[in-house]
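Chain IDs A, B, C and D follow the sequence of writing; residue 1 opens each chain.
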């Protein structure tokens, strides 16, 4: 059971790619999307199954391999899932499902290519979640990257190609930085498996090539900051989000850049660079810059998706400062905010897809008063934004609270205060967006608009339910984590 | 201090600097990819160097091989995007790529 | 003697890399890159990394050059030379910044590290390499399979599909 | 009885607590779902709920002490409940009144639109009150206590829009009391270092303890409806649906409030006689007695008059408990249960009159004793009880309180006597006006006795008044004295009052009241005007006028303060608003416009940013190393 569940994370999308390319091309469209549904739903189920098995057996992690069993010698890169990676795998399944639901109505003739690439990107992200080796992490980062460049350029339009190229260039610089850093770390450790590196770095100040390691850390932080889109490494992010097709920006905004950047940073900080105050402090400052910068920049934007992109930069900052606080509370806060961000940001991108599909534009100056015409979209976007701004009963409040407490406790009172104060800007751009798009009088040319069709609204509703339920049930979840000895 | 090590590190750094400088300075999309490739050469050198230093050359070589495969695919995708952009824009000038801003 | 060749190849490689940056013609630039790559392969060979060297030579200096040359010919950009207008002062100002930081990093490393080369003279045997690739790096092999798939789809999307505009 | 209890609890009382809280809640939602046309269904749901509650309460009362603890959240916030003899008795008393008033309400609410909501809040109130009494953790208690505020508000806004003002008033006043309670709990918990209620024993009332005790005490008496948290009750009497008055201000709030007051004064804190705090509590009690009963004296509406008495009687309990003497404690508790009996009975008789005549205005009714004999007899018994006529129950509890008051200071005794005089006078007036004299009723009145379902609860309550009076050893010796054996000792307070002098003085006061009544009736020629000579006496007249215009209503004072505060804060608010609306917006839009211009879409610029980011990280690293 457990073997089957773990292997399905990597095996199932591969199988799906085989299946997808067997079917005839004429009928490929709808079938391929349906196969995608099955894969993403099975992934969510498998994550839940693994999670419950993990708790049933009282284990911290499950190790597994795909092709052949490996003896655990120095440098052997096995796969492993633990609590955090399972939460993340669930998020991947959830966001992929939302993206597919959006794509069903918007992608048209490109369905087969879209699903193929979605499977590749899922493989990449699942790989990031399950690997236990820095080099394998880089490999899967690159896979995720390549698949997302192509997906952004999927429609072959001018803007999409431009966004894809910008992402590609920045991502290539990031890869060079990360790989250079890995080379330097490898000099010291002789292996890139998380545990080996952590052991070798335990006493890094006295290590033989210590100055190399300092350079490696700088390159490492810079590389992953580019991948995550932390300010000031964020340049490509709004362009990529804005130019991508609707269903692809759901995927990118909801999970891809978070996996490639944020998850990797959390994972590496949590299991490789353990207790290195220098790295934590640096990330804390970068995270705070990101929070303020993203929120302020979002206030001035005029495009629905661009506002969401800048708000992503801001929210990523929260996750980063959570993990940079270095405490267990901060880690749990970051993990939960990761989940919450995947939920509410996906909701918002689905909403933007709905608006784009129905009105043909995402320019907020040309929109207005859609609340009456698109009630589902309006309500779900309000819920998602309230969650993002940290309004109490909703999910975002709790994770933000945990993060701010953790930062506060890590002797960085100013950091906590800045993070708290930046919530005002979150509320500000939320109000700007809602007022321009959903509230106010209906624009004359929008009177014929109707609610988005079937699956898009379904995705928004499902994600809103998750947001609300998670918020309401949060004390239970926290208590459960407490009982399990995790918090 | 081993003199060869110093020279290898210096050479790698010079390659990276050349790549980054080219990256910032050029207006040609294809040259951007060449710049990235140059930087990747330096990284390859660094990887093998680290295996050379710590005696785990076999592992370092597997890294290099995987990395080369990834590099090729990135280059192909980049070339594909550039060719498509050329079909749209009629040139490969990076200054044309400013439709998305703000 | 081996070390002398390594140093020589490195110097040549850096020169070829500089040429790749400096040449105005894209074709010459691509070929310089291929030369640099070939010289790198020689360095790797001299350092004992035979299989990496073979891959470098065949794939990087071979296949990638083919990709570049075909991209250059498809886009007809060989003739349109670099425009050397310095519009953005920031872009030029970045060069000294890069140099300063890189130089500082290099000095920092060189004067603080102590490299004891463990096995410089013993090239990795094939069995060690095979062992490393097949027994230890399962994840990377899976990654290679997937990335090749990704490349295939990329080619389908970017080249095969005709635009409908 | 123990067989029954073991049957329900199956050997473990924990389930019982759940049943008492959850079953009424489920049935409450059921009453909301059942449609209006199926009134019988709603009635059955209500009755099943209260009967079940009654049986469970008997089981609770007859079990031994049970403590239940369910870890729920961090920081010691356990879901803890505790049944012991005192809380068990309060739960039983609540269930008895809930049952009787429910039977009455089923008959009364027939053919009324709001029955669903009334029953819903009725059952919810019962469940929450059970939870509040049984809770053994301050946080849990506070949860139920605050939730009772919601049902109170719900009851008051059920049908008519005009009730909103009263409901808000009730919410503000009770909310203030609850806020004080919360503060008191915080101070107490800070002092005791635990949230568990049974672990807090006999804290000294000194230093921070004074503040803690006073806040808790005010919270408790605020729930009981004492001054200065009283002024919503008379308004509610006019506006709320009938079952509300006997249920909440009539019995349940008194039980809850006095329960907490006793626990605060004798369990959590150690109230000592002759201390400043004790005198302060007694003063609140004495002031409440006199002022409320003086207002009751001049009322012309039955329900409003009774509402003022509901306030005034709380004063006696607070006075008795505040003396910190064993006799005062027993007297206060005994008065609490007596008051609940006769006050619910009186509200029910008023409801019975309203049911048949459509009004409770004393100017519109009269001589009803002939057409509604059962109601009249029940009223007379309850009125004699509240007036303190021997051998009814009110007499005995008042004598105990008089005893305690005299021992603490003659001024309190004098206040209590004055209160007794006015109570008797006002009930003579009300009884005379409503049931005797010239027959008078509105034209649409149905001139016959109320249905048996409404008579039964009144009869039971009136019988309770007699039984608890004649056989006063039942509540005093069998229930209250064992509960507080450690305070009371072996002393027996049951039976005839031991001081003949006090009894004589009480009788004289009653006699004066009768004489006063005869004088007043002679003077004005009707029962209703029996106290007009007091009402229109030279100085009192203007005071009464002011009181009727609510000049003495603390809520009105509060509203004036709020208005002034609002005016001041409006100015501050404008200034802050300017900072938010103008300054901040300008800064943000300026900065964000700059950022938009900075992002010109050029990839090279992105790279430059990234390289400067790397430089920034290097600088940070150097700074941090």
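Throughout what follows, contacts are C-beta pairs under 8 Å (C-beta built on N, C-alpha and C of every residue); 3 or more make two chains touch, one makes a residue touch a chain.
What you are looking at is a predicted structure, and each value in this text was computed from that prediction instead of being measured.
Touching chain A and chain D at once are the following chains: B, C. Of all chains in the assembly, those touching chain B and also chain D are A, C.
Chain nearest the geometric middle of the protein is A, using mean C-alpha positions. Averaged Cα coordinates give chain C a centre that lies 83 Å from the centre of chain D. Annotation: 26 Å between the Cα-based centres of chain A and chain B.
Centre-to-centre separation of chain B and chain C, using mean CA positions: 6 Å. Centre-to-centre spacing of chain A and chain C amounts to 30 Å, using the average Cα coordinate of each chain. Among the residues of chain B, those touching two or more other chains are numbered 16, 19-20, 23-24, 32, 49, 51, 53-55, 59-60, 63, 66, 70, 73, 77, 81-82, 84, 97, 99-102. Touching of two or more other chains is recorded for residues 596, 599, 601-605, 607-608, 611-612, 614, 618 of chain D.
Under the contact definition stated at the top, the residues of chain A that touch 2 or more other chains are 75, 135, 139, 142, 146, 149-150, 153, 156, 165-166, 169, 173, 214, 238-239, 301.
Taken as a contact graph, the chains are fully connected, with every chain touching every other chain.
Of all residues in chain C, those touching chain D in their complex are 88, 90-91, 94, 97-98, 101. Residues 165-166, 169-170, 173, 177, 214, 217-219, 221-222, 225-226, 232-236, 238-239, 277-278, 281-282, 285-286, 293, 296-301, 425, 428, 475, 478-479, 482 of chain A are the ones that touch chain D when the two sit in their complex. By the touch criterion stated above, chain C contacts chain B in their complex at residues 3, 6-7, 10-11, 13-14, 17-18, 20-21, 26, 29-30, 33, 36-37, 40, 43-44, 47-52, 55-56, 59-60, 63-64, 67-68, 70-72, 74-75, 77, 80, 82-83, 91-92, 94-95, 98-99, 102, 105-106, 109-110, 113-120, 123-125, 128-129, 131-133, 136-137, 140, 143-144, 147-148, 150-151, 154-155, 157-159, 163. Against chain A, in their complex, chain B makes its touches with residues 16, 19, 23, 29, 32, 36, 39-40, 42-43, 46-47, 49-51, 53-56, 59-60, 63, 66-67, 70, 73-74, 77-78, 81-82, 84-85, 88-89, 97, 99-102. Listed in rising order, the residues of chain D touching chain B in the complex are 596, 599-604, 607-608, 611.
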